[in-house]
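Following are the structures in question.
Same chain, two partners: chain A is paired with chain B first, then with chain C.
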Partner chain A sequence: MAGTVIGEGLSVEGEFSSDEEVVVHGSVRGTLSSGSSISIGASGVVEADVSARSLSVAGQVTGNVNSADRVDIQAGGRLVGDVKASRLTIADGATFKGNVDMDV
Partner chain B sequence: MVVKRSEGSVVGAATEITGNVSGRGALRVDGRINGSLSVDGPVEVTAGSEVRGPLRAESLVLDGVLEGDVDVAGAISVGPRARFQGTLRGARVTIAAGAEVQADLQTDFELKLSI
Partner chain C sequence: MKTMNDVSVISKSTVIRGHLRGQGSVRIDGRVGGDVEVTGDVTLGPDAEVDGSIAGATLRIGGSVKGDLTGSDAVLVEASGRVVGDLRAPRVGIAEGALVRGSVQTEGVSAPQRPAARSAHVGSMSMSSVRSQAATPPPRRVAPPPPPPPPPPPPRVVSEAPKVVAKSIEKKMSPPPPVVSVPSKGARGRKKKTASR
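Moving on, here comes the complex of A and B:
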């Protein structure tokens, strides 16, 4: 069970900071950060700069992403924004628009 | 409260939100929210959590710290570890022994003067 779950019907506007696992099935606007992993479910809509140890996107993210570890865009997921991460995967069926900085 | 995965929401103990939270579904707050909370569903503010701002919900179970005006359609239950300051408005209000409450209390009923 994730530490924080934003359900499908819920929306959060503002600064969202966490130090535990976050799962978003609803919507988040503003900033979203976690010292742990963030997962955006298929119904999740995020319009925010995202900072996380790792990020998984099955829904929609619009904003710049900064991850210490990895970013995974799942099939059906959509990410528009710049990604800074040491590892990035884009699944078949995912959409992505932005720059990638793998810090090489 | 049992929270279903995609319908219910949980603001975990290590999570802080500064801003507005709105929508539908059950919500449990174990962490901190600074801002307004408006939910079509039951809200639970658990012991150790903090909410500062106005709160609207279908029902409220409070056992944490809440500072703000509460407007609830149904029942409000203030538990023994709760600390509350503000207005409590609900159809029914229960306050447990041990709760620290400084409130303007409004419950919905009609005072029948004739028997």
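Moving on, here comes the complex of A and C:
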């Protein structure tokens, strides 16, 4: 069971931080950070700067992403913003617009 | 994919500084510094802290809340719950051990009359007890009356009289006699006795 779940239909406005896994099916506006992984479900809408150990995007994210480990944009996922991560995968069918910094 | 996507959980280590709004139910074990407003139920775990008002269908409060609680169905404050704020719902329940400071209002037609009245009574009872404990200032300490001046000890009064005598003798006689300690009453009495004999 995931640590924190923002269900579909729920919206959070403000600073959101956690040490556990976060799953977003609803919407988050502001900032979103976790010491663990964050996954944005297909119905999830995030308008926030995201910082996490790893990030998986199946929904929509608008904002800059900072990840210590990896960022995965899945098919159907949409990410608009700059990505700073050591690993980045963009699946076929994903939408992405922004700069990538992979700590070369 | 999850089967229950409209159930939200704010876990223990999660901190939200802002508002939570929307549809579905929420379980909060972490901290929320802002209002919570959902259409479904809101459950606060024993470690949950909410600094803001909460509105929902049925509110189960096991944690601490600083804000008003409004339930369209019920507000239930569990034994581990602590609430500073007003409670408003058709059914209000306050468990024994719960701490509540604020006003309680049971209203609405959706709930049966008897349980509502009973829970309201229970609520107001524990309310008043909590309130009286919390609101009544500690009794002001009454300053003790000043102690009566101690009566002068009798031996001192006695010793003063001979001093005067000695002084008058001093003035008349020349040269003045060497200063000697004033004899006590007992000693004088003994002297007189011996002199009379």
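Everything that follows uses one rule, which is that the second predicted complex is superposed on the first by the 104 of 104 C-alpha atoms of A that agree within 3 Å, B and C clash if a C-alpha of one lies under 4 Å from a C-alpha of the other, contacts with A are read in each partner's own complex, and residues count from 1 in each chain.
As a convention for this text, a residue touches a chain if its C-beta (ideal position, glycine included) is under 8 Å from a C-beta of that chain, and two chains touch if they have at least 3 such contacts.
Small disclaimer: the values here were computed from a predicted structure and weren't measured.
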Combined model on chain A where chain B meets chain C, clash or fit: clash
Partner chain(s) touched by A:V12 [first = chain B, second = chain C, both, neither]: both
First, second, both or neither for A:G30, with chain B first and chain C second: both
Partner chain in contact with A:R78 - chain B first, chain C second, else both or neither: neither
Stretch of chain C penetrating chain B in the combined three-chain arrangement, among 91-99, 163-171 or 181-189: 91-99
Overlap of the chain B and chain C footprints on chain A, listed as residue numbers: 2-20, 22, 25-26, 30, 41, 43
Touching residues (chain side chain A, partner chain C) in the complex: 1-20, 22-23, 25-27, 30, 41-43
Chain B - residues contacting chain A, complex: 3-27, 31, 35, 39-41
Residues of chain C defined as touching chain A within the complex: 1-2, 4-26, 30, 33-34, 38-39
Residue numbers on chain A that touch chain B, as the complex places them: 2-22, 25-26, 30, 41, 43
